[in-house]
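Quick heads-up: structures coming right below.
Below, subunit A partners subunit B and then partners subunit C, in two separate complexes.
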Partner chain A sequence: MYPKSFEYLRAKSVDQALQYLKDNEGSRVIAGGQSLLPMLKSRLYQPTVLVDINFIPELREVKLGSNGDLRIGAMVTHYDVIENSTIRENAPILSSTAENIADVQIRNRGTIGGSICEADPSADYLPTLMALDARVVLKTTESSREVKVEDFIQGPFETLAEDGEMLVEVIVPPSKANYRVEKYARRKADFAIASVAAIVSLSKDGKVVDARIATGAQQDKPHRLREIESALKGKASKSVNLEAIIGPATEELEPLDDLHGGPEYRKHVLRGMLSRMLGDLLSGKEA
Partner chain B sequence: MTSQKSSTESLVLQSEKGTKQNVGKRVPRIEDLRIVKGKAGYTDDIEMADQHYAAFLFSPYAHARIKSIDVSKALELPGVSLVITGKDIKELTKPMSSRAATKSPTSHYILAVDKVRYMGEPVAAVVARSKYVAADAAELIEVEYEPLKVVASIEDAMKKDAPLIYPELDTNEMISDHFDFGDVKKAFSEADKIVKERIRIHRYASTPLETFVVNAYYDPTREELTIYASDQQPGRTVQSVERTIGIPSSRIHLIVPPVGGGFGYKLAIWQYVALASLMSKMVGKPVKWVQTRTESLYAFHRPRGYMDAEFALRKDGKVLGMKLVDWQADANWPYVAALYSLIKFANMSGTYEIRNYSFEYHCVATNDPPIVQDRGVGKPFMAFALERMMDFSADALGIDRVKIRQVNSVPAEKMPYTAGSGEVYESGNYPEAIRRALEHSQFQKKLEEQAKFRKEGRYVGIGIATGIEPGTSNLGYYFLSKAGDPDYNGAGQMATVEVAADGVVKVNMNGPEIGTGHVTTIAQVVADVFGITPEEVNVDAWYDSIHGHLTYAGTYSNAFNDVYLGAVLTASNQLKDKILNIASSLLKEDREELYLANNYICKLENDKEKRLVGLKEIARISYGRLLSFPKGEEPGLKVTAGYINRTAKPFVRSDFNVQLTHSNSVHVCFVEVFPENWNIKILDYAIVHDAGKVINPGIVDGLAIGSTVSGIGGALYEEFVFDEQGTNLSLTFGDYLKPTAMESPEIRVDQMESPAPNTVLGTKAVGEGGAITSLAAVAGAVEDALKPFNVKITGLPITPEKIWNMVKDTPEYKKINKEGQ
Partner chain C sequence: MTRMVTVNLKINGKQYSEEAEPRLLLVHFIRDALKLKGTHIGCDTGHCGACTILWDGKPVKSCQILAVQAEGANIMTVEGLEPEDGKLSIEQESFRENFAQQCGYCTPGFLMMTRYLIRNNEEMTREEIREKLHGNYCMCTGYQQIVDAVQDAQRKYFATKK
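Coming up: the complex of A and B.
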């Protein structure tokens, strides 16, 4: 549990951080450190340079853009995602998601940007951000680009971020529609065995206007369940036969297989969750 | 027994002459403020001048021949002063030997020699100037392994052509034996029903927050080895270090600062104490090693195994006899091999009157990692097997699970009760404990709730289990296979009590303080002897081998309340006697009229307390003003006293006791299983715990709750999982699941007091009861909840996925999932 020797650079601004990343090949950003430090200590990961972005105030900001989009700095902690009133008002599902993350200590230090970049298949934020159609802002010393979270996550612990590129902001289109977000794990603080984030809007006459559903801990990366979404859209919520939709739509999933749950069990749990959560949403029950 | 009783009585009487205000009270733990402020001062907080650090290279293979080791790159690294391998160890040390097993391998050393036998076995060691350099150097050691066929199970180990873990023994079965008590044959021939089941136990372990920490310095100027270590059994460690590396025990000075959790795990540290000591002697520098979390999860655990149990039953539920055959994968650590089976004699027939039984055990070497005497050792599994068999027997006979326990309980009038093998249950009232548990748990109300929930389609169940919680080790089980009076025994300890020169009462129990409230408990007991408050007693929480101690000094086997308190009280009373004698001479007062209260020597005058002289003044005279010191007394106010619980029997195969006190408990667990994911939630948990006389009810509650949560961990969450190559797949706390506060139910403890006649204050064992009784209570509750699915739980941990696999093909499952999920 002693990391290999590395150089530590503390950035005071985004520009300085990007410059450090550019100047040091093999460097890596340290955000909250909640996944990175254990990896360093177990020597699973041995970067030569660490660029610390904990001391850059602008990365801790939460703003509302002129078009109504939420702009959340990469270094906003899980605790802040829960407590921040702008986030709670405009994307309550995101605050609810953060409540499920790990334990108090991790929520105090861990950050939304760090969690996204970690790209753990069982991570809590990813299904929610996918359901919200969120985007991330990636910067280098020369450029800036926006990528959908869904595209940014490439596979287990793999993202689109390139050398010298840093995630600086998460852009979340506001969503005040009815939602459910849950993770199932044996212990409260564990990574999910199955997780679901679902946003469903019903029209006054009970038709499904919008349905965005994503799941995590199932495949090598979290993903949207579009087959279910399209089966629901436009239907009268009372006439939906969920079991008939969920069964086939999850048939092709190839869930993870580890000590915490085999693929068949994970699929079983996911189906149960979807059936109950979507059932609640279709009946219009508020969270 | 008679002489023991009278000396016990006199000790109790003497202590009761004091103010008697503190024993029995919920005194808040004195040591806690330091702990929560991070100022407890653990072994890792100590650094010596010119401190050097050790790191080990551990085997990634479970079974492999070591073809070659190249240490040259490691030695070239700046800051590295030593690298040793098995080659050096073979030259410089003696192999470890078996204690209970009659066979002893000759190839098992403190560092692997020529081959590795488990994943995580230390293969080479480094000493360097910093812990980072040491870790880097360990990584640079190049080992060429030739993987050998892995023995991954007891079944594999017993196959004819199985690879041998210790080839020199010609077998993987280190030891086996068979015992018969009563008339088993007759019992089975008279039975109305015979119930038979194979019950399994998995691999799990306690994981103290503080891992192994050792800091050793061999001082060449004094030719003395000074060691700081987080060690639970320092008396034994000194003996083992002497035997292994050849430094005489008279030249070993071992100090144990407060220990950050013991649980038995810290009994196994001695191997690394020996290694650090040897390396310090080789480099002439103090050598410190702090085990990492991953390293601490490699070993030492409880063994996995199974028991074939067969019960001969009468129609009314009476158990006429039982046959038990115990298989344990516990021989890949010859030092304590067979222990997990032999200690089962301490609670083999549980709280029940079962006169006829046989016990056979097989101690088998596999490539599982080593074991240690983890909380309760083999007793949790013994209780699990016995209590599950009680449930299965009740079900087979169609009688109630509570009823069968009532029918078989040892009747109160038969106490003290001698079990078939000779184990003496000195105290307790088992039928009353069940009665109180039914009341305390609101059992009847729970049954009604369960019926209501079942109608609503909810799966709710109730489990009940009883258990014996033995304390104080006679260590006799080691010698069931060997003749003579063993060199070690846990039935005695020594302690030191003094009034220091400043008049303060100071105690050193001279055993490791492992966080279980010893400081406060001792302070309460000693305060009552000297008539002061617990806060005024200075309890030194360091073990230091320069103080008087016995060769098996240590905090283990639930023995504190017996032998350490016995030693502390003996020393306290001797010292009080001396103080009153001195005071009597000085004051020319009748000795019998004097007593101690509020730091003064007092006497009653007209029924009013008169303070004659301060304790401080007596201390000044006793240590300094020797011209005033009375003739006929020795100066100084320090007493080291030893104490033995004399109820330990010599070892005879047909009549022996392995432990000397027996607490007991009844657990009632109420659970719900959720059919969406088959997760289990404990809705209520009620315990009746009888630990005899209780000194501090708060501390005893805490230990009952803590040990129960560790049992819940074993029942529902914790398991070291290995693949077929013997690779440990659970080397982080993300994969080895400890229950956290979020998973722990509210546990309600009702304390019952049946004092032990053979301990100084009537106290008994406290720290292991929950770990012993809870496994079966939880399993019984889950099984009861799943009754509509007709499943049988014979192994642990009960995970949601396992439940799903058990239920998914049942008619009930199909009924509730008829929509075709």
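Coming up: the complex of A and C.
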């Protein structure tokens, strides 16, 4: 399978990449290429120019901001997200999430920025980044803005990124609270049929101080389950009746229907995961 | 006609400088331009792992990368495994002794994974080996002998370190 012909431009810096994107109508960024190559081969995308951002060292950096926020470059690979000690210490849920993505080879090449920009409804990072209240930094030759991941993802394969705009960084507020992140798929390398990322902190006397829960592979985009979050917050963890919360809170969901799983099945799997994962978190079991 | 791009890269220790059309996949470049036919194409969608090569020491799927992106890369293909002409590497020897191949189509990919895994992990359990190989499909063996071979290769590799 061959993509349609295109020109190839290798950017050496963020500024050069942004200039290339601006100067070439119909251009597109290539990051790890793990989602893009299949799109090019099937000719769903037919860019005139590909701007390669693999040769820009600053996009591979992981830093801690002065306020403690993690700043992860767009080209940090899934492999690096698993291995990087700064990420592991400050947002362990993110490293655990990357372990669930695809396989060894694809994790060596695929990037966090590429996965976010692809906006696949089943992408593993998205629920986790939403639960973490993460933001992305988007740049053009003229502008720079920060957008919450939750707002950035608009629908299947749709984001707020405009022509000429590039994702340069992911900002993650640190979270060391207890968490669970799981994906359910028929085979491990497959995209999820249901996925859940949950962060729950309990006070010393067992009250739920904070609960942030998101799900993916359900609707046209991953999203927070705020009804469940608010039903948990402030409650004594021992007194929570999870079934009574999860049932109604997921009633309105209209999950995806594709060859990996129908809507009823997806919802059934989701409810099972929520009940088990939140049950563990409420009982204070460490991951 | 789109502009051709010169790609300078190292494969199995040898330096190459070749022109490539931007849309050319790395796997086709390796097989057709450089005539290294050991790397196979199974699915062309990133699933089967037959096209696995080592890129700066780490396994990647060469059907999921453009040749022009390999500028400056240091690549190893299955041809690079043999320590010297006519001798088999630890990985090849272990696959042979454990009957870990039947038709052999998937084997180059599994061998490259084995080269990487046995050197970059503590002693792996069978479960861990299966987990790390799930990006490689084999339609013949049922995987049992492949797991045997990887375990055997790791034992042999560790023995050379003692």
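A few remarks follow.
The working rule: the second predicted complex is superposed on the first by the 287 of 287 C-alpha atoms of A that agree within 3 Å, B and C clash if a C-alpha of one lies under 4 Å from a C-alpha of the other, contacts with A are read in each partner's own complex, and residues count from 1 in each chain.
The rule is short, and it goes like this: a contact is a pair of C-beta atoms (placed from the backbone, for glycine too) under 8 Å apart; a residue touches a chain by one contact, two chains touch by 3 or more.
Note that the coordinates shown come from a computational prediction; the quantities given were computed from them, not determined experimentally.
Once the two complexes are overlaid on the shared chain, A:Leu50 sits against subunit C while remaining clear of subunit B.
Legend: residue contacts after superposition of the two complexes on their common chain; A:Tyr79 is shown touching subunit C, with no touch to subunit B. In the superposed model, A:Lys188 makes contact with both subunit B and subunit C. When the two structures are aligned on the shared chain, A:Phe6 is found in touch with subunit C, with no touch to subunit B. In the superposition on chain A, A:Val104 makes contact with subunit C only, not with subunit B. Legend: residue contacts after superposition of the two complexes on their common chain; A:Gln34 is shown touching subunit C, with no touch to subunit B. Touched by subunit B in one complex and by subunit C in the other are residues 1-5, 38, 103, 187-189 of subunit A.
On subunit A, the positions that touch subunit C within their shared complex are 1-8, 10, 30, 33-34, 37-38, 40-41, 50, 52, 54-55, 79, 102-106, 108-109, 187-189. On the side of subunit C, the complex with subunit A involves touching residues 1-3, 5, 21-23, 25, 44-47, 49, 52, 55, 58-61, 63-66, 68-69, 71, 113, 116, 131-132, 134-136.
For subunit B in complex with subunit A, the residues that touch the partner chain are 131-132, 134-136, 139, 292-294, 675-677, 679, 717, 721, 729-730, 732, 734-735, 737, 739-740, 742-743, 799-801, 804-805, 819-821. Those residues of subunit A whose C-beta lies close enough to touch subunit B in the complex are 1-5, 38, 42-43, 103, 184, 186-191, 193-194, 243, 246-247, 259-262, 265, 268-269, 271-273, 275-276.
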